[in-house]
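Next come two complexes, and both contain chain A; in the first it sits with chain B, in the second with chain C.
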Partner chain A sequence: MRYVDEYRDPLLARALAAEIRGLVTSGESVRIMEICGGHTHAIYRHGLEELLPNEVELVHGPGCPVCVIPMGRVDDAIAIAETDGVTLATFGDMMRVPGGRGSLLEAAARGADVRMVYSPLDALELARRDPERHVCFLAIGFETTAPATAVTLLRARAEALPNFSVFCNHVLIEPPLRAILETPGLQVDAFVGPGHVSSVIGTEAYRFIPEEYGRPLVVSAFEPVDLLQSIAMLLRQRVDGRCEVENQYTRVVRPEGNWQALAAIEETMEVREDFEWRGLGVLERSGLRVRDALAAFDAECLFELPGARIEDPKACRCGEVLTGQIKPWECGVFGTACTPERPLGTCMVSSEGACAAFFSYGRLRRPREETPIGA
Partner chain B sequence: MPDRRRVVLRDERVTLAHGAGGKATHDLVRALFLEELGNEALAPLGDSAVVGTIEGRIALTTDSYVVRPLVFPGGDIGELAVNGTVNDLAVAGARPLWLTAGFVLEEGLEIATLRSLVASLGAAARRAGVAVVAGDTKVVERGRADGLYVTTGGVGVIECAVAPAPERVEPGDRVLLSGTLADHGMAVMIARGDLKLEGDVESDTAPVHELAGGLLELGDGLRWMRDPTRGGLATALNELSDQSGLAVRIREDRLPVRAAVAAACEILGIDPLYVANEGKLVAVVAADAAGEALARLRALPLGAEAVEIGVIEVEPAGMVLLDTALGGSRIVDVLVGDPLPRIC
Partner chain C sequence: MTLAREGCLTCGDVAVAARVVEVDGRDALVTVGGEPELDALVTVGGEPERVALDLVPDATPGDLLLCHAGIALERIEEER
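Right after this comes the complex of A and B.
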């Protein structure tokens, strides 16, 4: 497959792994956090950790958009879905996310009309095809997916569709990164920056990380060779004594981002005062809402929502997993009370979540990592 | 049997009357089902088909088919309903003998569509060397079914001394696959049109009884067989590792996936290991029988692309491992949720 196979070339991967080994000193420890869930998934799917020397440890960050949605927002979505005459459309991964009253999948089994779509434009099409029903799109995701929601809102307005709305749960990447960087005792030395988000916001947006927090970041694409090259670039910076933002994903990401996508977001959405994140708590200016000018398409204006804040289950340590403080398997309920089949925390729901990726692909490696040195 | 007057079916669409048991039902059965599927055992239309005697152990199976759309590139629900059930018998080590077919029809289904699907079912049965000896038809109101559901039952006979089974699998045995992965699931998904994806992908629906028959002749060398349908190869191998208590280690660089299928999976973020196949066989054979087994598979058109994909090991017990093309490894876990609903 062109444009894929090149980036999965075993010979190239081995050469990069050798380069990485040459960039670390025996016995040292470098902790690198990949921010994006897509990276987490790729790391496990291709078994990349086995190619890395013991000195390099990968920490899985908060960039799984499904994993950061708090339980209260899931309950709000269920309330919309259970309204008479309403169809709720969303991405497949959202269907199994547990709220306080179960998941959307369970709501569907009770009779709610919940549909899986691949794009917000598919939800718009559902609304066009069935004017008798109101179609609400449950929008989630970072700046990556926000432009598609924005374009959908603009199209709904252009067509003056009376039966379509968006329940906006879009979030921004900078606030959780700041929250992580300000975690006391943070043990992350460098960051692999998200690829898709960066295609929208550009690389300049991360300059605060080296400048204010003294950590380097390399924006990376998603294939295994890309990730290995990004890790090598981060280690090269350390060796050279540099600390800056670099771009490995030059085939897609531009320093200034995508102005059209940013303009579409700007036209349709504004930053909320605060937004609750699963595991991270309430973060200021971290979420997006639909602008008042488009209130006719804003589910938060159209529906009576419970809007309750629901505490994460006490046993669930998603927050510490999301901030890289513990490995998924260090959580007491990992693999027991919390499994991909019956997730307690959101990190176990999406295949991009750190816990689900570790459970599904990597749990074999756990005993080796658990063995205390000198025991 | 008395010579009956030929019945002509004039209706253009299935109505509730066709399921009422009266004349319309009768006409539908005679002018459509009997015409397309007719054989000596079915023809008397008795309450039960009375068939011959069986020497050997009997294998029984049943499966329901609810695929949407009814016709897809490479096959249709009629062909699928035969092949799926024939394959379930074949991989149990049985020679398929007879099928039954139950149809749930939706009011409004075009008779011409029904006829072509039943004809396809009949042709598939003839290809697999089995007779459809009993059947049933029900009609439900419009909107209560997607055109047509089919349930087939199958009877086969096990003639070998020791049937393949998970408990016969031993460390060191080899894992063979008869051809490419994920063709059926992706073909149906693309045919459905919801994804705005186009691609030259055809379902692999086919009877694997000849492939299975060839391996059965290996005797003791054949340990275990499955047709990796719903849940794909990953699910079939997880069942094997679970039931045998052994580890299955497969190699990513050996897994055959057609370019168009791989591309569709890549776009949708779906792992071809978890996508349904409807004409493939995965087998475990003794290491010293692997060469002969591969040769037997490759000698048949359906097995031309057969490959050895892995090996059975002791540890980690009860797990399936994949050596990635890059030189890493990962667990191939059981599927949670359903990435592709209603594909068979």
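Right after this comes the complex of A and C.
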């Protein structure tokens, strides 16, 4: 198929793998973090680590929006869902995230009206079709998804829908990156930047990474050849002594991003003073809330929310996985107490979480990390 | 229900390339033109999907759009 086959061409992939081998010196160690959960998923799914020399290590970053939602916000969503006359709509993976009082799916089993949608516009349609019920959309996601929520809010306002609201949990990509870059003893040498977040915010938004933190970043698309090419571009920068933001995903991403999407976000949402992230703690100016002008559509104004902060289960090490400090299999409950069927931590919930991706595709072969029998 | 096997279509940084078949007001009817692993999720039975064109208002039939969570985010350049 056009626009797919050429990005999965095995000969091209092998040529790139050879190029990558030529760009590293034997015995050195280069740690590259892929920020985006979609990249993590693609890396495991296509076995890309197998193609890389031992000198190059991929570290998985925080870019799965489901994985960073704290348990307290899940409980808030459950409180909305359990209000009489309310339908809560959200994306499929979000329904399985465990909060302090179980997941939304379990709330649905107790009788709450929880619906899965593919788009916030589908939630809006639910509200139009059933004027007797209030429909609340549980919004999550980075700058990729915020425009869809923004467009939905603008349409709701234009129609003056009285029975629709958004419980806004949108987050921004820059604050967690800064948090990771400021982690003491950080061992990440370079970054593969998210492709679709960048289609909205542009490549210029990452300039602070080379300029303030001295690490290169390449914005990448999602097919195997794309990712290998991005890794080669990062290594080429090292060899050339350059440190900058480059764009591998030129077929979609522009330096300035999509101004229409950014304007829609700006019109409907504003940056919160702070927002809690699972594994990263409270980060300043890292989340978005619905603007006061649209308070009639803001679930945080319409509903009484518990707003509790809940500690993650002690055994769960999602925080360390999200910041690249440990690999999924180094967590004590990985694949035992915590599986995709019964996740303890969020990294196991979404297929883009590092733990779930590794569980699905990588756990049976790990030649580079061989543990001696009996160790 | 879960999209676990083939990647979470809507909530991650995943988007789908789709071809505009027809423009209908602020919306377009599209068919998916890339990422075959997601085909089954978005074109069951080959039925076109509806996406909002608010952010790419000048899209015309034949354009390839990057779609995410029910809206078109960006036009995909076909000449590299």
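Note that the second predicted complex is superposed on the first by the 367 of 375 C-alpha atoms of A that agree within 3 Å, B and C clash if a C-alpha of one lies under 4 Å from a C-alpha of the other, contacts with A are read in each partner's own complex, and residues count from 1 in each chain.
The rule we apply is simple: contacts are C-beta pairs under 8 Å (C-beta built on N, C-alpha and C of every residue); 3 or more make two chains touch, one makes a residue touch a chain.
Just so we're clear, the structure is a prediction, and the values are computed from it rather than from any experiment.
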Partner chain(s) touched by A:44 [first = chain B, second = chain C, both, neither]: first
Which of chain B and chain C A:297 touches, first, second, both or neither: neither
Touching partner for A:191 - first (chain B), second (chain C), both, neither: neither
Partner chain(s) touched by A:10 [first = chain B, second = chain C, both, neither]: first
Partner chain(s) touched by A:164 [first = chain B, second = chain C, both, neither]: neither
Contacts of A:340 with chain B and chain C, given as first, second, both or neither: both
Touched chain A residues, chain B compared with chain C: C
Contacts of A:360 with chain B and chain C, given as first, second, both or neither: both
Which superposed partner A:147 touches (first chain B, second chain C, both, neither): second
Touched partner set for A:206, first chain B, second chain C, both or neither: neither
Overlap of the chain B and chain C footprints on chain A, listed as residue numbers: 1, 4, 45, 92, 95-96, 118, 122, 340, 360
Chain C contact footprint on chain A (complex, rising order): 1-4, 36-39, 41, 45, 63-66, 91-96, 116, 118-122, 140-142, 144-145, 147-148, 151, 154, 194-197, 199-200, 222, 250-252, 258, 260-261, 264, 340, 350-352, 356, 360
Chain B residues touching chain A - in the complex, by the definition given at the top: 194-195, 253, 259, 262-263, 266, 268, 271, 316, 319, 321-331, 333, 336-337, 339
Contact set on chain C toward chain A in their complex: 1-15, 17, 33-36, 52, 54-57, 64, 66, 68-71, 73-74, 76-78, 80
In the complex with chain B, residue positions of chain A that touch it: 1, 4, 8, 10, 13-14, 44-51, 92, 95-96, 118, 122, 224, 340-341, 359-364
